[in-house]
Amino acid sequence: MFGHPDAAALTHLGLFALQHRGRESAGICTSDGTRLVRHAGMGLVNDVFDGACLERLRNPAAIGHVRYSTTGSCVDANAQPLLFEYAGGQVGIAHNGNLVNAAKLRRQYEEHGCIFRTSCDTEVIVHLLAKPAHQRKPDPLVHVLNHLQGAYSLLLLFPDRLVAVRDPLGFRPLCVGRLGDAYVVASETCALDIVDAEYVRDVVPGEIVTITAAGLDSRRFGDDPGGRGGACVFEHVYFADPSSNIYGQNVHIAREKMGRALAREAPAEADLVIPVPNCARCAGIGYAQESGIPLGRGFTTNHFAGRSFIMPDQRSRDREVRMKLRVIKDAVAGKRLVVVEDSVVRGTTTRGKMGALRRAGATEIHLRVASPPIRHPCFFGIDFPDPSELVALHRSVEDVRAFLEVDSLYYLSLEGMLSCVKMPPDKYCTACFSGRYPVEVSEPLDKFVLERRNVRMFQ
Amino acid sequence: MFGHPDAAALTHLGLFALQHRGRESAGICTSDGTRLVRHAGMGLVNDVFDGACLERLRNPAAIGHVRYSTTGSCVDANAQPLLFEYAGGQVGIAHNGNLVNAAKLRRQYEEHGCIFRTSCDTEVIVHLLAKPAHQRKPDPLVHVLNHLQGAYSLLLLFPDRLVAVRDPLGFRPLCVGRLGDAYVVASETCALDIVDAEYVRDVVPGEIVTITAAGLDSRRFGDDPGGRGGACVFEHVYFADPSSNIYGQNVHIAREKMGRALAREAPAEADLVIPVPNCARCAGIGYAQESGIPLGRGFTTNHFAGRSFIMPDQRSRDREVRMKLRVIKDAVAGKRLVVVEDSVVRGTTTRGKMGALRRAGATEIHLRVASPPIRHPCFFGIDFPDPSELVALHRSVEDVRAFLEVDSLYYLSLEGMLSCVKMPPDKYCTACFSGRYPVEVSEPLDKFVLERRNVRMFQ
Amino acid sequence: MFGHPDAAALTHLGLFALQHRGRESAGICTSDGTRLVRHAGMGLVNDVFDGACLERLRNPAAIGHVRYSTTGSCVDANAQPLLFEYAGGQVGIAHNGNLVNAAKLRRQYEEHGCIFRTSCDTEVIVHLLAKPAHQRKPDPLVHVLNHLQGAYSLLLLFPDRLVAVRDPLGFRPLCVGRLGDAYVVASETCALDIVDAEYVRDVVPGEIVTITAAGLDSRRFGDDPGGRGGACVFEHVYFADPSSNIYGQNVHIAREKMGRALAREAPAEADLVIPVPNCARCAGIGYAQESGIPLGRGFTTNHFAGRSFIMPDQRSRDREVRMKLRVIKDAVAGKRLVVVEDSVVRGTTTRGKMGALRRAGATEIHLRVASPPIRHPCFFGIDFPDPSELVALHRSVEDVRAFLEVDSLYYLSLEGMLSCVKMPPDKYCTACFSGRYPVEVSEPLDKFVLERRNVRMFQ
Amino acid sequence: MFGHPDAAALTHLGLFALQHRGRESAGICTSDGTRLVRHAGMGLVNDVFDGACLERLRNPAAIGHVRYSTTGSCVDANAQPLLFEYAGGQVGIAHNGNLVNAAKLRRQYEEHGCIFRTSCDTEVIVHLLAKPAHQRKPDPLVHVLNHLQGAYSLLLLFPDRLVAVRDPLGFRPLCVGRLGDAYVVASETCALDIVDAEYVRDVVPGEIVTITAAGLDSRRFGDDPGGRGGACVFEHVYFADPSSNIYGQNVHIAREKMGRALAREAPAEADLVIPVPNCARCAGIGYAQESGIPLGRGFTTNHFAGRSFIMPDQRSRDREVRMKLRVIKDAVAGKRLVVVEDSVVRGTTTRGKMGALRRAGATEIHLRVASPPIRHPCFFGIDFPDPSELVALHRSVEDVRAFLEVDSLYYLSLEGMLSCVKMPPDKYCTACFSGRYPVEVSEPLDKFVLERRNVRMFQ
């Protein structure tokens, strides 16, 4: 946010609205026009900030970040925004996405004498920026961005300006809003809504937006991807908030459509449609409307279960599902159910929920998943578990059905899913479903690629 | 809970499941068979207890309490269960409900030299119990209970026994479950579910259930109410969890029926049925099914908003609604909506939500409330605000409609509501809606009746 | 404190100055003239109070308490001041001392139907006060105090007055100061100093001082003890702060005199006088001056060791002494030392310190203790360990010397000690040294006398 | 510490013993032989670490740090040890002292593209180390150290080794101890004592000590300073703990000697010698012994005053002295006092203490300071205030006397002070007293030299 006296407090609200995007750490970095200050820590937004802290950060320009780690451990040093000083002065940086050539770049820079304080892929971007040879280029930032491969929606805060960048394939969403004379940049529109900012437009793939006291300026960078794109379709399926608009489309509406498409592709004979809370509620509504089967409520959620909980013993870890979700026994007993899920990853919690419905007396369970089977790792910013843990990896749909112990199981087809989103199919990255990666990934990547356990020599 | 080595930890889980019934304070009192220990404090269950604390409480018998105050301030000393010692030994007490003659009894006992440490109505019960004249009666507890007027579901923990009591009119729910050889007593069945206990039966109005190592014993007390009862219908409308069964009926099912009845009583021409999260979701499903108007989703809830939040300034308090509830603009824009609410108390937050839908582009808003207008105070355990703040108090339905700025407004009729619950109408207390109190309330009561501001003389 | 707008904050400062008198719990109770509020909790003053809390307590009259338990467990419910309500209105009570007939009184009152919430002896005082028969007496408070046996310096806060009471034998100190128009009452004068109050006079044994808006009023109660008294001499030896004046005499001066008397009674041939920090520093100065042996410094103290500390393993608990006290090896190596202690209780930490000096190279250690051997329990407010743990209990001085592994050991004689304090010998209680109790103690007492483990019958 | 399974916990104890050297932040970095982990935060050792945290750090090699900032703000990012990764692997670094050419080096490195995360002078050392040209040198570390000017006692932890470095002039102390097979390196011997380690020897100026599984290895670096040195004499005067031995001499003994020298240089006619707690107690003992005037006790200290305290209002900040120090009025009233201080910096707290003695009734106050007037800034690791705040800066001794409102004032002479320490005078840095800096300081330095407020250009 740039140009509002309460930028820190409003950024704080914005982070709160985006809390679903990351719960490991939270941070804010602000500028008074000449100098940056930063506060960041592990935990939820409400754990990291208090009033005194926001008071210290009170400045007219601010960037914030909530993190769920896709590169680097969940440790303090990695909490973003990161704040660095280099020959150009101070810079704060917040990164959504994942670079696929971070390890290679880091090795290069280390060999040239650079030192690293974090295991985030983000830190390497600042090293590139600080390199004198890059600074001498006509447009150093464009020059630097051209070295990066992968997904990056970036916010860079300099003492006198806020710079927003979206990679040329546009893997992650990023939008601009206005609140009076101030500008707001955020991953999702729900962060604009909470501060009453008006949506202006998306930062487009391959665009650099610079906001200064003089206003908003835009320039493009990167090779023209020739009409192709990498917009993460999983944002629509699961990650983004239903109230947000991303990629030019409301998330709830997309999910409702996926539910309708699913009903057309995989009808079922049943008494009730039961969506699994909370995410599948949108698709459930679509399925019910399309199928004509009444929508019911099979679960209630415990609104106080946001935090870790002390269990009497280890065995009761399986109680955790039960603590967040309660089955309404009388609503499902004796009923044939169509259960709608948005996606199935490991399958273990889904299995737990199906078991709970069965024990409550459901006579048939027809599970319908509003997206295709997940069978491939994501290198662009979604932290799926190790592929070996994906339930659909080496299993047929029938095997998954057996594992989940349901009477029937259908996934929405790739085509079906893509028919529900607004842009042409090749503007989306569907790699986790299809295995087709919009960017070549040359070396095997894992989340801890930047953390080495081997002893290096030092004389 | 009685008879389980992990009684404290399981009671802790049970309190967590009942958190919606009270968020001001939480406490647990346990017995090792000879001596009671207690821990209680202000805040949510997760704020009050940690692992070390539960370890200290580890004992085979336990009672717990979550509080939202209907008598007495929100202060530490009032956190239940209360623990006292008297000639009979130690007793821990947890009380759900509200005594209507507490002030009178307290005055009497103070005049006889009793001292009080809390401003809870509960403390007076222990004074009655400790009175030597009462102890000499054949059944002291029954004798004591006969002095009490009003609502009381009580748990009393003595070193060697757990006693559960429900007042003769049965204002508040109370049920018994079994987990192996242990017994569990709880306000709602959702607390049985979370510990995997099996529902056995309700404690019936006017029943004393005593659980010892020898098992469960039951006796009756009080005058026969001649077929009348005081089961709080507002538990079905709003207070209890949808997954719980109370008064012999599932809460979700009752609410769904109220939604259906509402659709019959007050149909509307509209494109979508939008329930207000979270409570009205059940009634919304019923309304949609009965009316044939598709159920939609107009709001998403922020799951991290359980706690207080630091606001940049006072004026942004109205941001609070927005922080918990986000409108899905694209889902309601250009639509004629039937909005279903479970009940309307002050009307201010409802008005805020209606305004948000309107700003998002809803063309018509037809508000349907699945219960009658609330126009009378509750003296039996629901903490409505001061009557002067009830929106429906001196307003016609049309006036309320104008205040809420909706296109049409209908409340479910009293008869309609009572047709959806299982017991005969005169088994319920509908006082907040109808003004008919099942027990005569002789003196004006307010929440702070036991806190005096006047100086008394002392020589 | 009565009559100052900042009474809560100043009481807070006073508690801080008196922190050495109790570290288990801290509390403050204040009055706005019509109503009392209270905050208390476990831990040090700084742990229990924060700014918001003091703001809530901001009222013109306040009493405070820091506790180290001599009756009752170290649990939350026992944190003083206690706050009760009875027919006379509200009363807050803070008690320094120990009643010897509390158990008997409590049994009596329980048999008459009273209920107790704490295991403090203090609570019974309020029951006596509330008893209607007592309230009808011409002077109820005097009537009540006549029932109490033992040590009690009491502060009672009523909405409109502050009452200070000191028992007829004056076991514990209590003094009155003035700050502008306000009055301050405190256990030691160091609490007056910290708030800049001027010392006025002691509350005398058997006096009730009442402070209201109209000023200070005094009356006497109790039987005339015929010139005898119970002023705890151990306050002078160890408990009170050296900067305080109690019983009409400065504590440091008394201790310095004890050091001088000790030098006369038990001279030693040595190179240096080493006082054990911190308490014996006064007596060390006296010993050095009288003996002509130079005073040295053998230890430094770690000022950060106030709190519990995480140890790598259990065996390193003996590291605790070392963490608080460090030996200055070069100052004692090769030296013959006179080590001055104020008193020896269990002997274990003294032994540890002597061993540390020995390991540092001291060639001779002549331990001189500036008080007689402790061989008897205290029933009046000092929490000595179980008598069986007193090192001097069944041991001759020679046996104690051998246990402590020192070259010689002398204790100050009872007469020597009493020659150093200002009042006549029979004004003091020397029971812990002499076994002569100023009040008959009829039943065996221990700290947990008010906590029963037996199951009582309840029908 | 290297080679002990409990290295983290023992380092934790060591930090606790060294807490007087820094209270702003604390941190520990440990190695399991292949990888480093770190935990650091703002506050005292006991605030930053808990048991779970030490458990995570449990490894056989550890370095720790407590910080009081002499370069860089008191912010989180500056908490040491710092942990970096570079081409050589990981390195943790803890620095005591202050580089005088840090700003120049940092500018150079920034111009070559380096980025900085902290405003500590320490970070630049790691950049030097990582530079490929330096790594290719026969002994990279020696090569790097030759670039550094100023004071640095360093601990470097690599996965497989611990390296201790002391600058060629030996500004700050650093010693090696042994605990079984393990080695311990610490600033003061009191940290060896607390873990029961045996003192082996000092790391000598210009020495690199490397500890690996194979044992301890030593090498030298730097130009021969030709018999001159920079051992900070202020460590002896004030900073180090009396129980520690530094520069081959016990701190207490040195201070006692300074007190004796002071008595010879500046005798006084008085009744009592009163040392100002706590630091001047050693010098007070010396003064008393040499002068024959008895040592008295004028103050007691509040052992609970270690932490910040809530004050009723701003004006009562002057209460802070009183909260830590209480005058024993009866001990000083009517007495002529020689008051011994170790040093006087701003003079404001000394003035407050003198005023308190005067108000308590002291008839004469002869202040004797056991070191010369402080008139020059320190660039080597002591954080004196801005020179303009030094009371002696542009004031004669007579003017300082008048400011402090004492009857007479004498400082120990430079020669007198140097006659009390063990090494030849030109082995010490006395710059704060004499203005003679052992190293030329080319550019004006202040604590925030590495924090820029100006906007730099970035394209």
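A, B, C and D label the chains in the order they appear, each numbered from 1.
Basically, contacts are C-beta pairs under 8 Å (C-beta built on N, C-alpha and C of every residue); 3 or more make two chains touch, one makes a residue touch a chain.
Only a predicted model underlies this, so the values are computations on that prediction, with no experimental measurement involved.
Within the contact network of the assembly, the step distance from chain B to chain D comes to 2.
Distance from the centre of chain A peaks at C, each centre being the average of the chain's Cα atoms. Each chain gets a centre from the mean of its Cα atoms; for chain A and chain C, those two points are 61 Å apart.
Chain geometry summary: the mean Cα position of chain B and that of chain C are 47 Å apart. For the pair chain A and chain B, the distance between mean C-alpha positions equals 38 Å.
The multi-chain contact residues of chain C, meaning those touching 2 or more other chains, do not exist; every residue touches at most one other chain. Contact residues on chain B toward chain A in their complex (touch as defined above): 6, 9-10, 12-13, 16-17, 19-20, 44-46, 49-51, 54, 190, 193-194, 241-243, 245, 250, 252-253, 256, 278, 281-282, 285, 288-289, 294-297, 299-307, 309-313, 319, 322-323, 326-331. By the touch criterion stated above, chain B contacts chain C in their complex at residues 33-35, 38-39, 76-77, 82-91, 110-117, 119, 126-127, 130-133, 135, 138-141, 158-160, 451-459.
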